[in-house]
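First, the structure itself, so that you have it in front of you.
In order of appearance the chains are A, B, C and D, and numbering begins at 1 in each one.
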């Protein structure tokens, strides 16, 4: 039977910063982020890829961090909810969630924000149907989704307006 | 729209805890850490019903990294004593045995032992080395089978309680309830039309996204400190103290942010176990419940079997009702049957009625409250029968409801008379809504409506507001905030004092720092804790009057407070913040306090409209359009009221269409995951329109009624009625999942 | 006189009487007077000296938390109804 | 979760040696969306997990009109449906990869992994069978090719022997007169396991009749099925609702579904008929487009 496996050294980038950690092969990226790196914004809701609360972006793609091994993060670029806001303040998607009351208990919110950010970057102007399809891997039990969809639509509007602004400014 | 007399109430400020929740900084229990924190893992029974013959923990204890192992033998013996938990009561022996089995396991997932270790993987591996010897017993999960005299018996000492009278022989029926009003036999004789049918609903779970979690530290001084995810920190404290047989003052509960509850986070599951692990290991211990355990070993809400009969006159007037209702209690007597019996006819004035209810133990997890506990099951029956009556009488479904809707003075079957309520107003709003007045076109499409009622309760709440040097306020209150209640409480205090919501820092206190406050449940927080915040503000104002009189060198009686919160006296005026900062520089600090126990139900009513399309080839139901209409009394923060209505409706849609516990032939749950326990995803529902009706509430200074619970009730019958409208097939079983709808459509062809 | 409603399950003890008028000041008076008229009804409504935990007392449609000492007005209506668990 | 060793070889050779050395104790990690759950829940065990995503051949994805599609076994689902050219040619494959789990799963899960997991309800397998795909396998004894229709041997069991793994999936080239579709029935609209899944592929002749057809069925037997008789029936026929309905009836005759929490045998059999008709209609529209 397996004896204690040696921990593996991993170098990765989290929210733009180079990070190193040691982990057991069985440790999920979710465990590493929360327990080793202290990034507890990433939530465990089901630990088998069915709720999306642990969503992070790896190399521009949203993934369930409970279904990624920590060791697989070697050389990757990871974005978590902690990296969405920056020194200028909250990202429009965060503002729109707050203004639009798109959260109640808040446990699914980080996962939704990360997925929504990926969606807004990849598919600006997405239809309601596309938003609902692409975010169907994120469960929310409080809101009935209405205000979440509206917040994403509003953020999309604001982002495209600001892109247009920057174009005219150029 | 009528103009509102309020400055803050009715506006939509950003919630105070919002920034923390969109940046990942908010601390939920699983995010909380202590130095030396151990991870716990609970070993659970694979069998639905078995005697525990022996438990050998030696191999687990010898595992490197393991700090403690506990079994039922480590739990104090608790008497068969009933403890009041504010809302509802509990038998402590049952509560303790549900946290950790002693002699017998009563459902698959029942805890039998727990291990703490340096990390969760080691704890899990060590737990797997615990050898439990079981003697298998026959099991039963079906309500009707469990009621049979020859059914496998869960508890040898359970004798049916018939309002204080105990049965002679033990059975699985914990409680029989019986209500009567008028003369039901005569009522049915006089009825021109009678409809009667049997209905079944499946076990469903609250489905909160945050699994239960606990951090416990059994301190060397004998105090137990708990950081936990609970709907009521004081209730949690009491349950834990009773199970551990220590004083309530020896337990400190710090409520962390809570990731949903809906009634499922009132009872304790992990707290006593974690505390005992901590005591034995001398270290703080955390336990995070895996999602499978959340389904298998916490408290879903009852499955039901119902036979309901209703009679009416040709003009649609209801004359008589009869209901026979059995709810699945799970492994221990539950309490959900009571409100079920009280709610079955609660929306309509019925002269003659009789209700019988049974609370039935089965080898399933101990059932608990879930948003309007017990009301949704019976509404599924009654609200469909209303449509059946309407059809037979050739009356519009809305008209028959309007004709019989309860109003002020209507007497419920269980006795009490309604004060001013808003069901008629909700039905009128439905009648006038865009949804109701938009024609529904297309094949296989149908529209349904249904009403719903939930009591809403008061109970105890406490609040204190401390004034800062700049006149801003720190509001300390005792209600754990699950859906934005810090904002709705701060807004009420801001309205009272004449300041802005953003001038208040609301904070949920721990059990050492804030006055006793009952659970966040019963749709009570914005109502009752809101009243506490209001009263605390009033207390502060009366203290400030005295101090203003000193400052302005006049009599206290000469100081008055305007509607906008401005103080005036002796020719001087000052707004709240201005006066508060003037007073801060001299004299004692200002703290307003209140503790309240309003006893009046807030009587929440709602009515829903739904349009569906049924795929005739597969039986799959698509929700095309949905509107929730509900009387909020007065909406403090309309966005969060809408959110409650939308969220409740979607939970009801899930209950209606796909959610259910599946059990195999061995009575083991087979779908304990978010993959197979099919809660609605974003793609399964449309936008949910809301119409907030505001009829006020004389028992609250701002007219608030509780809003959380009613919206889950109407969706199953409204969707059932819509399916009938679309297909002429009447669904009598929940969930109305595609295989069942398809099969029903085959047989009704 | 206050009107006291007898729960249907106890009407076997009251020979079918559904409600009755009583001159009472609080819930304790109700229990005592009921017991006097209908012996053993107290055991059905109370445990030790408290209202049974599975019941709650509704006075004029308000659920009292004060148990035996809850006040009753001369024109009040009193009901014994099941305790409710909330969500 | 029991601990294991982790290796991420960069060549097929190194991977083969690792797999050969550890035999049945080795598990392959591609997207991980099945294997990590299975290891966590104790449904499978591993002494070593071999991450194959660093091997170039397994992440390669190329199409040519001569040899068709070479799809590295570790290519993620989203790389298929986001590739407009591929999605246009291989409608059934795009359909199936777009509905496995949610977006987060599709970012990781691979078609190769979905195939090797050999679930009777796997979404991509009926699509691959309809498209007449084959798996290119390598192992200690060298390379071999296995038709996808013959790859699954039972629930969770596949045709690979210890030390072998799937390097790529190869699908014949597609021309404009061909079209394919995959649909499944699920109670929700996403995030669900197929109650029944059906893949259809048709090739039209110059007058618009069916020159060739392949129908495949998922979740109605211990393995995904190729509905040979139903497929043959369509050859030479006019593509219309009547013929599709007759093919559907033939397809229903080969199924041996179980009754479980996802549906009864009767319901599943009925759904086969519904989905055969629906997927043929979509495949036809695509072939005609």
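Definition applied: a residue touches a chain if its C-beta (ideal position, glycine included) is under 8 Å from a C-beta of that chain, and two chains touch if they have at least 3 such contacts.
Just so it is clear, the model here is predicted, and its values are computed rather than measured.
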Quiz item: Does B-D or A-B have more contacting C-beta pairs?
Solution: A-B
Practice problem: Would you mind checking which chain's C-alpha centre is most distant from the centre of subunit B? | Solution: D
Self-check item: Gap in Å, rounded to a whole number, between the CA centres of subunit D and subunit B
Solution: 43
Quiz item: Once you find the CA centre of subunit C and the CA centre of subunit D, what distance in Å lies between them?
Solution: 68
Self-check item: Between subunit D and subunit A, distance of the C-alpha-averaged centres to the nearest whole Å
Solution: 29
Quiz prompt | Shared interface positions of subunit D, touching two or more other chains | solution = 1-3, 102, 189-191
Quiz item: Listing for subunit B: what residues touch at least two other chains?
Solution: 121, 206, 262, 674-675, 680-681, 683-684
Quiz item: At which residue positions does subunit A touch at least two other chains?
Solution: 24, 26, 47-48, 50, 133, 135-138
Quiz prompt | Touch relationships between chains, expressed as pairs | solution = A-B, A-D, B-C, B-D
Quiz item: Okay, in this complex, where on subunit A does subunit B touch?
Solution: 24, 26, 34, 39-48, 50-51, 53, 80-82, 84-85, 90, 94, 97-101, 103-110, 113, 128, 131-133, 135-150
Quiz item: Along subunit A, where are the residues that touch subunit D in the complex?
Solution: 2, 4-5, 8, 24-26, 28, 47-50, 52, 55, 58, 61-64, 66-69, 71-72, 74, 115, 118-119, 133-138
Exercise. Name, in rising order, each residue of subunit B that touches subunit C in their complex.
Key: 82, 84, 87-89, 161-165, 175-180, 206, 262-263, 335-339, 341-342, 354, 368-373, 414-419, 455, 457-460, 519, 521-524, 597, 599-601, 708-709
Self-check item: Contact footprint of subunit A on subunit D as seen in their complex
Solution: 1-6, 8, 29, 32-33, 36-37, 39-41, 47, 49, 51, 53, 76, 78, 101-105, 107-108, 189-191
Quiz item: How about subunit B: which of its residues touch subunit D in the complex?
Solution: 121, 124-125, 617-618, 620, 657-658, 662, 670-671, 674-676, 678, 680-681, 683-684, 737-739, 742-743
